[in-house]
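Listed next: structures, encoded as structure tokens.
The two complexes that follow have chain A in common; it is paired with chain B in the first and with chain C in the second.
On to the complex of A and B.
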């Protein structure tokens, strides 16, 4: 039987494009229209940007018995996980930026009840941002308002073509808005990065920096805007002029900012935006890639009063921690909605293995973490096989209905049942 | 199941019960005339029994409000729900919901336990500007607003900027003055047979309002920037205009200015949630509330950053007790204070009326059994004892008992207005401009929310 679902929402990245038309044949996704390659990898289970390479779905929970894998029912996998968490004195629940909001809420409950630390996968990117906001304030608007109003757009350490491919078409570069009716022609664009990226093809000004040079550029821009003498950095004066002439501007910063001295850089960018805001509206906007990273920080801020990593092992209020967790202290990890072993260095992985830290992985797909985990729990794809809520990168939530069925449990169900077991 | 609250001293301004000792019967979550048999009796002898309070303005769920928590400016949803319940509230109303933020707002409201919720659909007149300019289009605009109200799960209509202005030069021809907008709104409200809330501003107070009785002036306090604005507000209230107070405390002298927290919702003026009001506005707001206690003036606080729910008892004591005013303000501010009857009217009857919830804010048969019970050692002591609720029933279920929350999971609903209106070409135009497809802007599929049609 064939069915066509219009206006489906793509959980591929935090753009949450909601104009995807899906054809379902016999309860399997057969075709997806309007979607980018990145998003298609979620719906059609292929590797990101490589449609011919299949991504292996996990089908059954399994646990490690000595060196051997054993396929088990969900109940047994949960029991083993509960044992691991009960034994642990410093458990961490890691990831969640690629999980729906119901799973995030369930994970927060689990972290509370196990006195664990909840570590968002992109903490190194977001914690310095929130700390910078607390110092310098915030001007905020939805992506629709940015599309309609912003005539000056800067990408800083961000390459939307890789992290959220349709962003440039729907909101920031080519999109036509109420006061930007001619799209690209109405916008002045700049990009700052340590590599030359595809953005260089269409931005007016591309500043390529040496690693570590970014804080100097920010300070130079501040100096140029306040009549001081900026350092000699190529493109600095042109960028300062572009920023100053904006009638409505936005700085989208990406994960690139977290590769260097992130706090210093984001403090500087926060200060720069605050300075620009004295003249015209200027927005300092994290270009979040993971589809519900925004939802996670929103939840933490709303429930705990801090968007930083709550550590219930520290105190019961779950005081937020800005510094990434010290893996050397951790004695159990539950990974949800992320691929922890992709981000850890080989040294860190070796140390975890040497200390025999048990890892439990909840994932729809096989990945590096599931390869190292002691317990692997396959979960349904949020927003495709199970309904979920997710927040677009501007903080607006969407309800993602189920499109096809599965025998797999949702991650929110796994987490809730795990909490109940404990 | 039947329940009786026995022998309480009942106060209900809209039923003209001003301390009558009577029994209150409850069945199936509603107040009923009489029951011959009951399953449970609550002994309320010597206690004050009143309808539960409704918060007419609780800006806790609007787009961007969550950022306030970065600076400790808003408690968690759980703390909010509990603080309201412990004061005797069962319903809170968010004033700012829009088409793109409706899902956001309802999700935030759903996270607040214990409280029923509702929200005002804030209309951005810039979205309708070309249609507003021609009288012949007004019925279509009215139909579009009626559709949006239901579609967004809103209960009432609100306009924050009753004018059309643009920063962009090439849009200047679309400007519509405040005076012209008030006339246009009056016509549209006539077609809709509805009321609307207008956010009070000095400019609006100076312009005055049409006399149709279809306008509610929201949050007067911050608009009282000078004696002239106070005078105008006074006159409007004396003429019978409905309004709410927007009380706020004076800014502490020690408080430095906070960094800006500005949210742009595509209005002419983005809103700074950290903005500080005129230093004299708090005093003027209180003076106005005291002088106009018999007017159509409901209780409200300006915002919950400056006036957290936990500080409401202080605001109540300023309204009701001249000793407390003298202690804090160094003077009486007005010769009169709110009686218990006045206070209940401003926190129960009037908010229920403004929200259009006819079964709330009173205890007559048919009312939903939302009842708050307080100690009442002596009648003159009521402002102190009404600071904490001894028992709170919500639809007949105990939420607070012996001053403590006893049921954290009492059922809650989001109230919305069903209009039955269908989308028209104005709505199609709005959707065309949105980055969301229409189906994804619908709020009703969200299974987390228990929707309830307003009666």
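On to the complex of A and C.
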């Protein structure tokens, strides 16, 4: 049996490309046209950027008995997880940026009922952005408007070719829009980063900084724009001129901004954007990678009024936490759709292990976290094997239908049944 | 590009697994050129004489095409589609590619992205082949991973 699905949506990253043509044979996807390699890692379980290698799917729930693994039915894995959460006094639900909106809602309910902290996987990147936004204002546009209008595009600490490979083609650089009919030729491009990225292949002004130099560059740009004397940083004057001449500009910043003093840098960039908006429209846009990170922050804003990490056990004021959780206090972790052990430092992992903090991992694929977890619960791929809702990086909500079937539970079902058990 | 059924007509359809796959999966890898018809051991049996040649014809003989001027290294390619959007031929023939979208199945293209990598389907449309070779090199020029080699 062969079926073709045209213009399907790819849950590979927050671009949520809507032009994927899929061929399904006997309820298995074996061809997807127009997806990039990241998308292939979702649809075809290829390793990201290692096209010939398979990512290993998890097939059955398993729990640790002593030091041995035991495969169990879902119900038993849920029961064990419920026991872990009931015993815990400082549980954390971590991840969720690569989960659909229904799973995120279920996780928020679970966090509420277990008085847990909910830690978005990209908090270190988004929290400073939201705080900067509260100070300097929101400068926002949809990707389609950016494609149609932007004649000046700056990538700051961002490598879209790795985080969302088709972004430059579909929206920010190469796409020809209503007022940018010549596409690339009509856009002035710049990139700022601490190392050379593939962007340098087509971005003419590529400013390579020393780590830690970024806030100085921002202050220098502000000085240059207000007639002050900027410090001597290579490329600064050209970048200032490029920003000043824009008739519609965008600054896309990526995860790179969170590797240094993120708050200082994002406050500076927010101020710079506000300043530029006195001349012409300028957008300040986080280049989100995880496919539904935006949905998670929308949910938090809608339900709790704050985009920061909710902490139902500790934060009685309910304003949310911007600082990453202190892992040394945590005594149980439920990881949903993220690889916590890849993200933590070896020292932090060792300490968690030494304190025998139980880890429960919900994941479609085997990863470092599932290798260490006490309970591993395989889940269906959201937007491929189970329907879900996801928000594109600019906030556009999209429905992702099921494409093929699976015996695995969806993460939203696992989380809902878990909450019901407690 | 040939349809899956067309390819499967020239496969044994035994799902014997000797290639490590099912016949349908094998057909998919033929389309992406990750496997060649010769990789199915069953097709070498006398019962299937002529099938391998028929498949090559159906698939458009990528090696012969590549010799005509363009090679894409799938080890490097990340499927970003910049080449598809920047191709001189697509600019005039594919409205979606102009916009940065992926071409529709019925669009006239030289290459498009399949399973995360760029696949040439109609090399003969390339401007370089129709006119002097130095006329165009846009696809290779903007490829961020330098996966396209023109010669």
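Quick note on the criterion: the second predicted complex is superposed on the first by the 417 of 422 C-alpha atoms of A that agree within 3 Å, B and C clash if a C-alpha of one lies under 4 Å from a C-alpha of the other, contacts with A are read in each partner's own complex, and residues count from 1 in each chain.
Quick note on the criterion: contacts are C-beta pairs under 8 Å (C-beta built on N, C-alpha and C of every residue); 3 or more make two chains touch, one makes a residue touch a chain.
Quantities reported herein were computed from a predicted structural model and do not represent experimental measurements.
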Applying the touch criterion given at the start, work out whether A:255 contacts chain B, chain C, both or neither, answering first, second, both or neither.
-> neither
Return first, second, both or neither, reflecting whether A:117 touches chain B, chain C, both chains, or no partner chain.
-> neither
Using the superposition on chain A described above, determine whether A:33 touches chain B (first), chain C (second), both, or neither.
-> second
Now for A:42: first (chain B), second (chain C), both, or neither, which partner does it touch?
-> neither
What is the contact status of A:198 with respect to chain B (first) and chain C (second): first, second, both, or neither?
-> second
Which of chain B and chain C A:188 touches, first, second, both or neither | neither
Should A:148 be classified as contacting the first partner (chain B), the second (chain C), both, or neither?
-> first
Between chain B (first) and chain C (second), which does A:396 come into contact with in this model arrangement: first, second, both, or neither?
-> first
Using the touch definition from the top, say if A:274 reaches chain B (first), chain C (second), both or neither.
-> first
Could you give the residue numbers on chain A that contact chain B in one complex and chain C in the other?
-> 6, 19, 147, 170-171
So in the complex, which bits of chain C are touching chain A?
-> 4-5, 22, 24-25, 27-28, 31-32, 34, 74-75, 77-82, 84-86, 96, 98-105, 112-117, 142-146
Of all residues in chain B, which touch chain A in the complex?
-> 63-64, 66-67, 69-72, 75-78, 100-101, 103-104, 107-108, 111, 167-168, 171, 258-266, 270, 274, 433-440, 445-448
Complex interface listing, chain A residues touching chain C = 2, 4, 6, 17, 19-21, 23, 25-26, 28, 30-41, 44, 46, 49, 51-52, 147, 161, 165-166, 168-171, 174-177, 183-184, 198-199, 201-202
Across the complex, what residues on chain A touch chain B?
-> 6-7, 9, 18-19, 130, 133-145, 147-149, 170-171, 178-179, 247, 274, 277, 281, 298, 301-307, 387, 389, 395-399, 401
